[in-house]
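Across the two complexes that follow, subunit A remains constant while its partner is subunit B and subsequently subunit C.
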Partner chain A sequence: MSTVQQEESTEVTKTRGDSGGSLGVVRNLGLVIALVILCVVGVMTSGDQFASKDNVITILRLASVVGVVSIGMTFVITGGGIDLSVGAILALSSVWATTTGTQSMADDYGWIVMVLSALLVGTACGLINGIVIAYGKVVPFIATLAMLASARGLAEIIADRKTQIIRNQGFTDFFGAEPLGIPVIVIMFALVVVGGWFLLNRTTFGRRTFAVGGNPEAARLAGIKVQRHTVYLYALAGLTCGIAAVMLMSRTTTGSSTHGTLLELDAIAAVVIGGTLLSGGRGTVVGTLFGVLIFTTLTNVFTLNNLSTSSQNVAKGVIIVVAVLLQQRIANRKT
Partner chain B sequence: MSTIHPRRRRAFALVGAFAAATLVLGACTNGSDDGDTSSAIGKSNTDNDKSGKKVVIGFSAPAADHGWMGSITKSAVAQAKKYDDIELKVAEGTNDVNLQISQVETFINDKVDAIVLLPFDGAAMTAVARKAMDAGIVVINVDREFDSPFAARTTVLGDNYGMGVSAGTYVCDQAKGDKNKVVAEIAGIDSLPLTQDRSKGFADALKKCGLKVNNRVAAEFTVESGEKAASNLLQAAPKIDYLWNHDDDQGVGVLAAIKNANRDEFVMIGGAGSANVMRDIKADNTVLKATVIYPSTQAADGIKLARLLVQGKSMSDLAEIEVPREVKLSAPVVTKDNVDTYLPSAFES
Partner chain C sequence: MSDPAAPLLEMRGIVKQFPGVRALDGVDLTVRAGEVHCLLGQNGAGKSTLIKVLAGAHDVDEGTILWEGEPISFADPLAAIATGVATIYQELDLIDGLSVADNIFLGHELARGGITRDSDMNKRARQLLARLGHPEIRPTREVGSLSAAGKQIVSMARALSHDARVIVMDEPSAVLDPDEVDGLFQVVDDLRASGTAIIYISHRLEEIRRIGDRLTVLKDGRTVATDLPAKETSTADLVQLMTGRTVSSVFPRRTTELPDAAPLLTVDGISRDREFHDVSFAVRPGEIVGIAGLVGAGRSEIIETIYGARRATRGSVTVEGKRLRNGSVDAAVAAGVGLCPEERKSQGLVLDDAVYRNISLASLERFSRYGITTEAAERRAARQVATSVDIRPDAPDRIVRTLSGGNQQKVVLARWLLRSCKVLLLDEPTRGVDVGARAEIYTLIRELADSGVALVIVSSDIDEVLGLSDRVLVVADGHVVHEGPSDAIDASGVLDRILATHDDQQMIQGDGDAA
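Then we have the complex of A and B:
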């Protein structure tokens, strides 16, 4: 899978003078090695517990929420932007989808109403981000920072800073189910990864994303509607926040304005160690998947070994720096 | 857990009945008399503390971002260390519900005997706690309540409403019937039911003597948020007579703001009962004249109860055979007169 993806990104990044070569393979290989090392450490320190199916499912469930958001973030960052508002959008979507109004509508028309409103709110927020950035010419950092503040504020107003409990049994039953032993939210995560990979590597949309992120001016001259495409990218990120909101709602059976606090940092970290360039133009969905899995496995190994979250955060920081340093070394050697 | 043979139950009840002399409920181990919670184990006059079947307990609490919360984990760990039959697994603090849920899932995978859980958000942790109960694990819910009675075997709660009542009653006593006194309130995180309960208790108690909360702001239990909220409040209210601050950790910031604003016309009442606030009350040289206790040893009580439940013991000083479903701790007012009683059990912020 990674070699195919490699061809694609090489092809597109040629305009920027990057020689691809075995770059992507090496990078993904590094991630696989990191994950394998983590797993070996996990098995060595807490053997049967770590390797059990239940534990693997636990890791995947934990990875799902941040994972879906990270896929959306991969698109935005590949397209040369950044989205700091994902956690806040997730909170707003979860709150909007669980208000008494939405829930009573869900009682009448089925729980799909709650899902649709979460997706709709997420996408709408992303759309606003995109329009402000593309047509308002506000830098992404500032525009999404503003969205971060206002979306969480709005979520607090709507929820009156209370936790809203989901009463709809159909919703919790559907998303809490585990067909063939795999939780529905993990399946959703898998679908988003596959869909994201396809969209980025197999469609004109993906090719345009690389082009816009690599060199917007060149992309414009090549006939790509850069502004419109930017709007699409942020709307897509918003949509993934909506999906993540539904997942977190099913996990917690609540909607709350505190959901997803600091999620943006986890997502950006996962995307960056995955090998997507923060400056845009190069991105990998598979790398992001590994980035997310590395961080969640790390958390799990630390929890199993009774280690504090503080030391975990130190380890996280070290991993980010080492990963980025390694990437730079590899990139320098290749060019 | 509930499958103890009736004859054994009866035996426990008998032991309990013989031994019962004083009520050593969780509430009382929180130092209403001698104040020294660390010696709680020495106080029991039954054989409940004798080493028994090994109990594996999983413990999870929010991030220790303020002194009270730090003390929750510290005292739980200290309590567990006193028993050689407890193996405590501590999944350390997080304010991320997604992560806390996965910690509980890990405990379920590990097949621990009991889980003592102080949730970041009670409602959000209900589903996974219920899953643990369904898996046959004894769940002790501490401080922030689940929204389903099926999610926990026993709940240990501080009396948040009672804290408000204690603070409000103290204000009423001080005001001596003067209905024109200005009362201000600095609350904690507004989204938490515990904050709403405290504020309601405060308002209800004030109403009884014809007072009301004239100015109210909310902080977030941290020093920084306390400073910010208090600075704004002091700007909004040029003259205050009584100020109740829900939490002594954010109180450090509140006091800093009061100092910066050069204000000393009012009496300030604290909340939770930190050691430095009690030292201030004792020294009697700041606006702080009282604080209302919210025990930081409730998770330690949770550990003790979890052990009893798993070992099939009863609370020996109750006639009741089973461990109660809920233990609510008391919220006494600490002033200069009784501060020495409470200082030893206070937490450092």
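Then we have the complex of A and C:
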């Protein structure tokens, strides 16, 4: 699915991610098979109800929010970090973009004000994460845990723990539209995936992300500004939270401090079962896409069969462990 | 510029201070275009710090750096690279997950508007690798799948890609086989002929003789001698300059007769598919048996199998008449076998833990009751051993990572001393250890033998194997091709035996593949 190495896949003996030929294919093949199996189970248990166009759109719509955040998370993890604050940043962005103040500005200048404020708040939170981690030398786990607590707290203060309804008709009209029957937020998700793939695999920024995550000292000695790059990575993750906030705002027509609760766990799980290495240095956007689709389809199949969220969570846990175990097997056999 | 004697790079009175340490305390170095300038010094003499200064990774506290006579400062790695200094580090500074071409151009990717031009990079990389005589390394191959020698070539291609005029090589031969070293020297010769200056760091004096033009000796962060002719300066002089004392006899000889006792360790016909075949030997108490051979001949595999870290497909290992369970490290350790592994840092030490805890690691049951450790006794015992092997500095709480290579090796030896093991297997005991500490380790090994321990030593340094051991096994491609007393054979004899079996070996390999 990815890079230059593909043409020589037989030569590459040791790979874990987008940058490596044959195993990359094998890994994604495994993810495709898992998704196909889920779909077969869906069709068998729910038949036409599952296979209908409406249901497929529903799955994609559900996948969009967590999917966009997971793409940002893929960059952070490939770069050797972790971001626990994505859900909280999303909540803060959604609240900030739907306050009466912002909404009245939006009435004057157009709904783009709401979008821009969500993106700005998300990016700003990411910037703070990045600066604290890169220059303050606080470990990412702790720095983003602190952001998780304070961003959600700030969201609660601003919203006074109330759900803020979006009154701006232009906003709901634009993001609620379905050109060619495809919801705008699904199109946004697709654009983020394509953009993310390109950025990771076809640009110097992507190349340096692998280097910073794989061996920061070597990257520094090669003349890469590791600290600055780290800040960019968290800012990028924050930006994806802002985008996801806009998407969730349009889906629910609200901004709320409870949006995106535990989203960080779903995003990390999707990234990891997609094949991105938690220790950094290897990452795959395509794998993350599959990870997100697998989890969302699973939820959908369970819901159609009237099974509880609790049993969904058990299944999720099992899938994570099985996926990682399988990947280790494949990796070991290949080397 | 036309004056070949004009210095390209000049360092004067460089001082670099770290909290509590004056790592560089007045270093002078003058490098001219088209010369191979060797840098010598013990571990801790300041070579690594000096390299980092040259690479822009450390800034200096005092002193001046002149480039073609003009003062210059290397504020960060980019500045050093832009000026024309490229560094090939000892710990290969490559990113395993990226391709060869990506690594070569890391930090200065060929790109348009941030979008990488992969085919251009691959093409340029192919040219650079061909220039280095390694067109077989494909630019798209992942670096993690290359051998150490291959990675070295990639590091060099990276240095060339910067059009560097000074290339710093930090112990480039440490990870290479003899024939790979020949290839390296060929490249160095070509670079020198094209007017590039090379700063070459190595512990191996014979290498410095072979390719060096001039040399500078560092000791305790200072330049103690500079501009010495590399080929003419005697080894004795160099050792004295580096250590400040003379090393009279490098290998301490046996002082007592080897007692005629029953073998402590008996290895009987052990084999492992495609690694080594039918290896048998016995070691008596107090005896040192050396295993000589080239890298990849199966030396490390043999002793790791004896230790139980690998499973033998055939044969047995017996200690004091008791047969060890195959493939069990527990059984070997319980029977009194110890191993000082080849990869000290990754296999032998808990680098971020204290010295005394590393020493007691293999003897914890002695210092614990019901699994609860008795810290005071552990500390006391470890400290005693640490002092007896003279680990410097004498600070049991120090983190092992901060010690020099020689002292780290002493920590590993101390561990097995504390455990008072009966059989000790040493894999490359002096890799990365400087001349002074090397002599101390040789003395330690001799003392261990004199106390009745049976030792097996593996080393790439044939002189070391012959100098230390009583008996030597020569291994070539997994087969023992010679066994006999060490004083009855010399280094060239060992090499002859290895080469003589080369034809047979190819036949055997063919068989192995067919089977």
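The definition used in the following text is that the second predicted complex is superposed on the first by the 314 of 335 C-alpha atoms of A that agree within 3 Å, B and C clash if a C-alpha of one lies under 4 Å from a C-alpha of the other, contacts with A are read in each partner's own complex, and residues count from 1 in each chain.
The rule we apply is simple: a residue touches a chain if its C-beta (ideal position, glycine included) is under 8 Å from a C-beta of that chain, and two chains touch if they have at least 3 such contacts.
Only a predicted model underlies this, so the values are computations on that prediction, with no experimental measurement involved.
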{"item": "Partner chain in contact with A:T299 - subunit B first, subunit C second, else both or neither", "value": "first"}
{"item": "Which superposed partner A:E156 touches (first subunit B, second subunit C, both, neither)", "value": "first"}
{"item": "Partner chain in contact with A:T284 - subunit B first, subunit C second, else both or neither", "value": "neither"}
{"item": "Touched partner set for A:T230, first subunit B, second subunit C, both or neither", "value": "neither"}
{"item": "Which superposed partner A:L248 touches (first subunit B, second subunit C, both, neither)", "value": "first"}
{"item": "Contacts of A:T123 with subunit B and subunit C, given as first, second, both or neither", "value": "neither"}
{"item": "Complex contacts: residues of subunit A adjacent to subunit B", "value": "49, 52, 54-55, 58-59, 61-62, 65-66, 156, 159, 161-163, 165, 172, 176, 248, 251-254, 256-259, 261-262, 299-300, 303-304, 306-310"}
{"item": "Complex contact set, residues of subunit A against subunit C", "value": "3-5, 7-8, 11-17, 19-20, 202-208, 210-211, 214-215, 217-224, 281-282"}
{"item": "In the complex with subunit A, residue positions of subunit B that touch it", "value": "63, 89-99, 101-103, 105-106, 108-110, 120-128, 147, 189-191, 193, 196"}
{"item": "In the complex with subunit A, residue positions of subunit C that touch it", "value": "55, 57, 76-78, 81, 87, 89, 93-99, 101-102, 106-109, 111, 114-116, 118, 122, 138, 140-142, 144-145, 158"}
